[in-house]
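The structures considered in this document are given below.
Below are two complexes that have chain A in common, paired first with chain B and then with chain C.
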Partner chain A sequence: MTQTAQIGDARTAPQPGRRRFSGTVLGVAPFLLFAVLFLVLPTAYLFVGSLQTSTGQLTLDNFAHLTQPYTIAAYEASLEISLVTAILGGLFGFLLAYATIAGGLPKPIRGAIMTFSGVASNFAGGPLALAFIFTIGRAGFLTVFLRAIGLDPYGAGFTIYSKIGLEIVYLYFQLPLMVLIIAPAIDGLKKEWREASENLGASNVQYWRRVALPILLPSLLGSVILLFGNAFGAQATAFFLTGGFIPLVTILIGSQLSGDALGDKNLGYALAIGMVAIMGVTLVAYSYLTRLAERWQR
Partner chain B sequence: MSGPTSQSLTGLEPLAESIAKPSRRSPASPVVMSWIVLLVSILYFGLPLVGTLIFSLRAQPFGEAYKMMVSDGQLFKDLGYSFVIAIITVLVSIGLLVPTAFWVRLRLPRLRPIIEFITLLPFVIPPIVLVYGLLSTFSGPPLALTGSNLGSDALLVCAYVVLSFPYMYRSIDAGLRVIDIRTLTEACQSLGAGWFTVLWRVILPNLRVAILSGAFLTLAIVVGEFTVAIFLARPMFATYLQLISQTQAYESAAVALMSFAITWAAMGVISLIGRGRQEKIIAGVH
Partner chain C sequence: MTSSFSKPRLLTIGATVALLVAACGGGGASTAPTVAPTAAATEAPSAAASAPASAAAGGPAAWVPDPTLLTAAKAEGGLTTIALPPTWCDYQDLLSGFTSATGIQINNLNPDGSSQSELDAITANKANKGPAAPDVVDVGLAYGPKGVAAGLFAPYKVAGWNDIPDSAKDANGYWYGDYYGVMSFEVNTSVITTLPQDWSDLLNEPANSVALAGDPTGSNQAVSAVWAAGIGTGGSLDNAQPGLDFFKQLNDKKIFVPVIAKSATVASGETPIVLAWTYNALADRDQLNGNPPVTVVVPKSGKLGGMYVQAISAYAPHPNSAKLWMEWLYSDQGQNVWLKGYCNPIRYDAMVKAGTVDPTLAAKLPDSSGAALPTLDQITKANTVITTGWPTTVGVTVH
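Up next, the complex of A and B:
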């Protein structure tokens, strides 16, 4: 701190107390102004709107109205799909990350998997939805192939325009995101820990149950929570795939934006704020868990 | 462990089994498992790309779907527009975040948690909510931006700058951590340099690598972004794809592959830049 103070002082005369401090704060003013205008203000607008009636009176009714069947259904569908893809993406992502980092695969594969994960975790929206429609859509090449060998997925009741279909598609960006965020934790598993437990007579299962998993647990939970938030906020992929057929919260907000789907502007604001609240909880949980996990990564 | 089918002679079999187990499993089976996991993953990630490719090639005559890549002026216009918006986004983001991160590290370490919190907010406010808020706030007086094309373009850039905060700030801050900004700044100032010179001639060149990886990530995100582009109704690459996916199926397959290739190229550049360092590419704006 004392060092900090000396730098400016070399050129400008030291000014005591308040005035000097406010001058220093000016350095971050452009950023703060920008953040207030394009991040805080829009969110505040939604928040204030969610607490008002259409005539501008203060009310909590909008949040009470979120208990209508179709808004409940939207939250349920969003939560379900986010939860399922977070857990499955977390599980398979961990398996893939562990296999490439510590599973004895040739070294170059790791770099390829990491770069590909960077690509695939960003591959969403229209192109992703289209790619899956061309593959396991009703006329997709995999569907046609499976039908030819006598396994008709659509005959068995499967359709890509369903929750399960959407979950399969979401995994395409959830799984690689897991690979990216869990990789440092797997790197942090020290060889010495395995050797020590083997020397003490532990089996592979015991090593995982007593040593590796407890160490990895905060990272794993934190990553799964981040995946949850990632899926919860996704809109474009579902919009392209089903055109609003599955009423996710994001889809409902989207149709409210392009028309007045809810018939009530303020209810739409409440819907959005409810979403921000859920995302906020996930981020707090995530940062708490990563702080726990960092203990082992020093 | 020993099921009802295996006969127990001495009662020590379970113990013997558990001792024998580790040596029986290692060393071959984990590697085999790894290969299985890898192959299944390659199938899952490869098949949709193959499916898209096959579909795009089904257009008659052969290669017809790719013809519009050279002939469709609209595609180039929209792609060009997307890249221009992406580059402006990156420049604004750098201009905003480099001085801020630098100043916070040098002079306002106490503000750091607050600045960091703000840059993480886009993770809490999904793009659809952000665009909802932006449209509600800036479509009427006193801050009407959506009335004109220029205003809408500005709003689009501002939305993307906000979305770039987490990635850009983190890469810039990580870059600042490894250079000794205090000494560099003191050296510059004792040679008579002003703040602008310090940032432009000394700090920025030192942050080149850190900024570039954040910049290319932002570029990939902006060019491939759908929610904000479509709801602000700007002629972005995303809007083009949305339009042709409804009318030209084969062509949309070709364009989807093209979008994947663009993201791939951006990530390739990032991993080239970050070669030899532990670079984390973490994204997730959908």
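Up next, the complex of A and C:
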């Protein structure tokens, strides 16, 4: 997407010229090469594999398999958890980022929050799962502490090995990621705009509705989509926390590709193509929404 | 204003897709089915520290390699094994024992790999005679025929071939059973003071106490635990559904902890009862060494055996060393090393008759008499029922 847009721009540039065009191609070549090697080729490989049996014959069985109750359950679980953590992470991440940046916090605190966000957003997988298990698992230190003061979360029915538990763990990296990626957009909100709207008699609500939100909306949507993809593609965290108990698609794919209980690789490829398709639909919906938002700004 | 946001937005799209594809591709990397949290790093010291393989008294004569095969193997300059965790069935002593008996150095690839990753490694290195191509594999029973169908194995019959039961080997010698374990309860007795003796006892355990050592949609050990539970509660080798029903009951009673248990979670009390193969459970017990105390119980009913098989790669860079390795594994001495690692070696019955089993090692093995070894068809069927039924029967429903 990016590269075609740039090539197009170069062609219609005010001073067209061959040399300039080839320079542009040279500039995007590393990216194109990267995209082909790590995006296009793997996806093509998945797609071809998903249309084959384990012995290489052409088949649609793998895709037919996607309608089985257990694969549908997996897609539902993945979608729900990704949506919930993207929306909650997006909302609270935005609020935290706004409070940090526009709220006039002292510089050191702002620096500390951004640094923490950078670290936490990259903390995932087995280590994150174990950290939560040993903190608020059944024998975690926080659980033991709470029990000692008479508040037993597990007695009250809470467990970290549940859908809510997994969502809490996901939020640990989703929320800070939102802070990081939305921060530049919030930085771009000029103080003068608020002052101008206030001078013209706008209320706080009007300022948000007519000025700030329309400007931020494309960034907000894009960030939430990124969070969605981040959760949708995650595997290790959920695997180490709950095994196959919460049957995410990524876990099923892992079972097919590298399990030792008779996995079927080609079915794994088909499951992955299903995820690519869902992501594709999401991105189309996203670009439609952004266009709508941009029209709204005019 | 819009234009200043368009760039990050496009980056966002690219990043999202890249992220998704990366996650899809790399997703399985972490699914190694290990109960025994092993340490490749500690392999050398612990191998050196433990006694030489056959030193235990009373047992078998030391293995003497066939001189012709030994000469041919030595000329090849090494042996490449794959996915042999040092503490799994005491492979560390088998590896060091082979080297000290033959002088051939072993390169053990990817110690925590799965059966599938072993076959993948052969496939990926068909044309490669370098150090990344495995000579021999040790895979789950179901992967024997799978490897034959893909043309990945070369036939070979070891000296003790006739001692291996017919049901546990390929008639043409493409693969052969090596050892088995029995599904057992690994219990942290500082948390659980009354030992469960049978599957039905698990239903009376406290909340959040029973866990599996893998994911039942992908790990052979976890699938086998579910299956064994079913056999112990009304199912059979041909009917795995009761196992799913049993776990649904455990889950409804909030006894089941769906975390993937490791020796660390056993030790912390997070998963005081773990269902695992005897050899993994006993290796955990020895590794924790009383802190906390762990007892391994073989349930009274539903004794399910799980077998692994050996095979030589059809593309082995060191075919003679591979044959020599097999002779070592199936020698009386080699079989006793597996026994030391709490694995039931496949020539056990014949060796009992011949009096070549080390009695002190045999005494340490939990009583697994009456354990059922399923056939390949039964395994395939049960795997399908459990891996596909688990998400809908026991797993979280999202609505």
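As a convention for this text, the second predicted complex is superposed on the first by the 219 of 298 C-alpha atoms of A that agree within 3 Å, B and C clash if a C-alpha of one lies under 4 Å from a C-alpha of the other, contacts with A are read in each partner's own complex, and residues count from 1 in each chain.
Simple rule for what comes next: contacts are C-beta pairs under 8 Å (C-beta built on N, C-alpha and C of every residue); 3 or more make two chains touch, one makes a residue touch a chain.
Because the structure is predicted, anything quoted here is derived from the model rather than measured.
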| item | value |
| --- | --- |
| First (chain B), second (chain C), both or neither touched by A:263 | second |
| Chain B versus chain C as contact partner of A:127, first or second or both or neither | first |
| Chain B versus chain C as contact partner of A:242, first or second or both or neither | second |
| First (chain B), second (chain C), both or neither touched by A:229 | both |
| Partner chain(s) touched by A:115 [first = chain B, second = chain C, both, neither] | first |
| Chain B versus chain C as contact partner of A:250, first or second or both or neither | both |
| Contacts of A:77 with chain B and chain C, given as first, second, both or neither | second |
| Partner chain in contact with A:279 - chain B first, chain C second, else both or neither | both |
| Common interface positions of chain A, toward chain B and toward chain C | 1, 35, 38-39, 42-43, 46, 125-126, 130, 134, 140, 181, 184, 226, 229-230, 232-236, 239-240, 250, 253-254, 256-258, 268, 272, 275-276, 279, 283 |
| For the chain B and chain A complex, residues of the former touching the latter | 18, 21-22, 25-26, 30-31, 33-35, 37-38, 41, 44-45, 47-52, 54-55, 96-97, 99-100, 103-104, 106-109, 111, 115, 118, 120-138, 158-159, 161-162, 165, 182, 185-186, 189-190, 220-221, 224-227, 230-231, 238, 241-242, 245, 252-253, 255-257, 259-260, 263-264, 267-268, 270-271, 278, 280-286 |
| Residue ranges of chain A touching chain B (in the complex, touch as defined) | 1, 3-4, 7-8, 10-11, 24-25, 27-28, 30-32, 34-35, 37-39, 41-43, 45-46, 49, 92, 95-96, 99-100, 103-105, 109, 111, 113-128, 130-132, 134-136, 140-142, 171-173, 175-177, 180-181, 184, 198, 203-204, 226, 229-230, 232-237, 239-240, 250, 253-254, 256-258, 268-269, 272, 275-276, 279-280, 283 |
| Sites on chain C touched by chain A in the complex | 1-2, 4-6, 8-33, 114-117, 139-140, 142-143, 146, 149, 207-208, 212, 214-220, 222-223, 254, 257-260, 264-265, 268-270, 379-380, 383-384, 386-392, 394-399 |
| In the complex, chain A residues that touch chain C | 1-2, 5, 35, 38-39, 42-43, 46, 55, 68-70, 73-74, 76-77, 80, 125-126, 130, 133-134, 137-140, 154, 159, 161-163, 181, 184-185, 188, 215, 218-219, 222-223, 225-226, 228-230, 232-236, 239-247, 250-263, 268, 272, 275-276, 279, 283, 286, 290, 294, 297 |
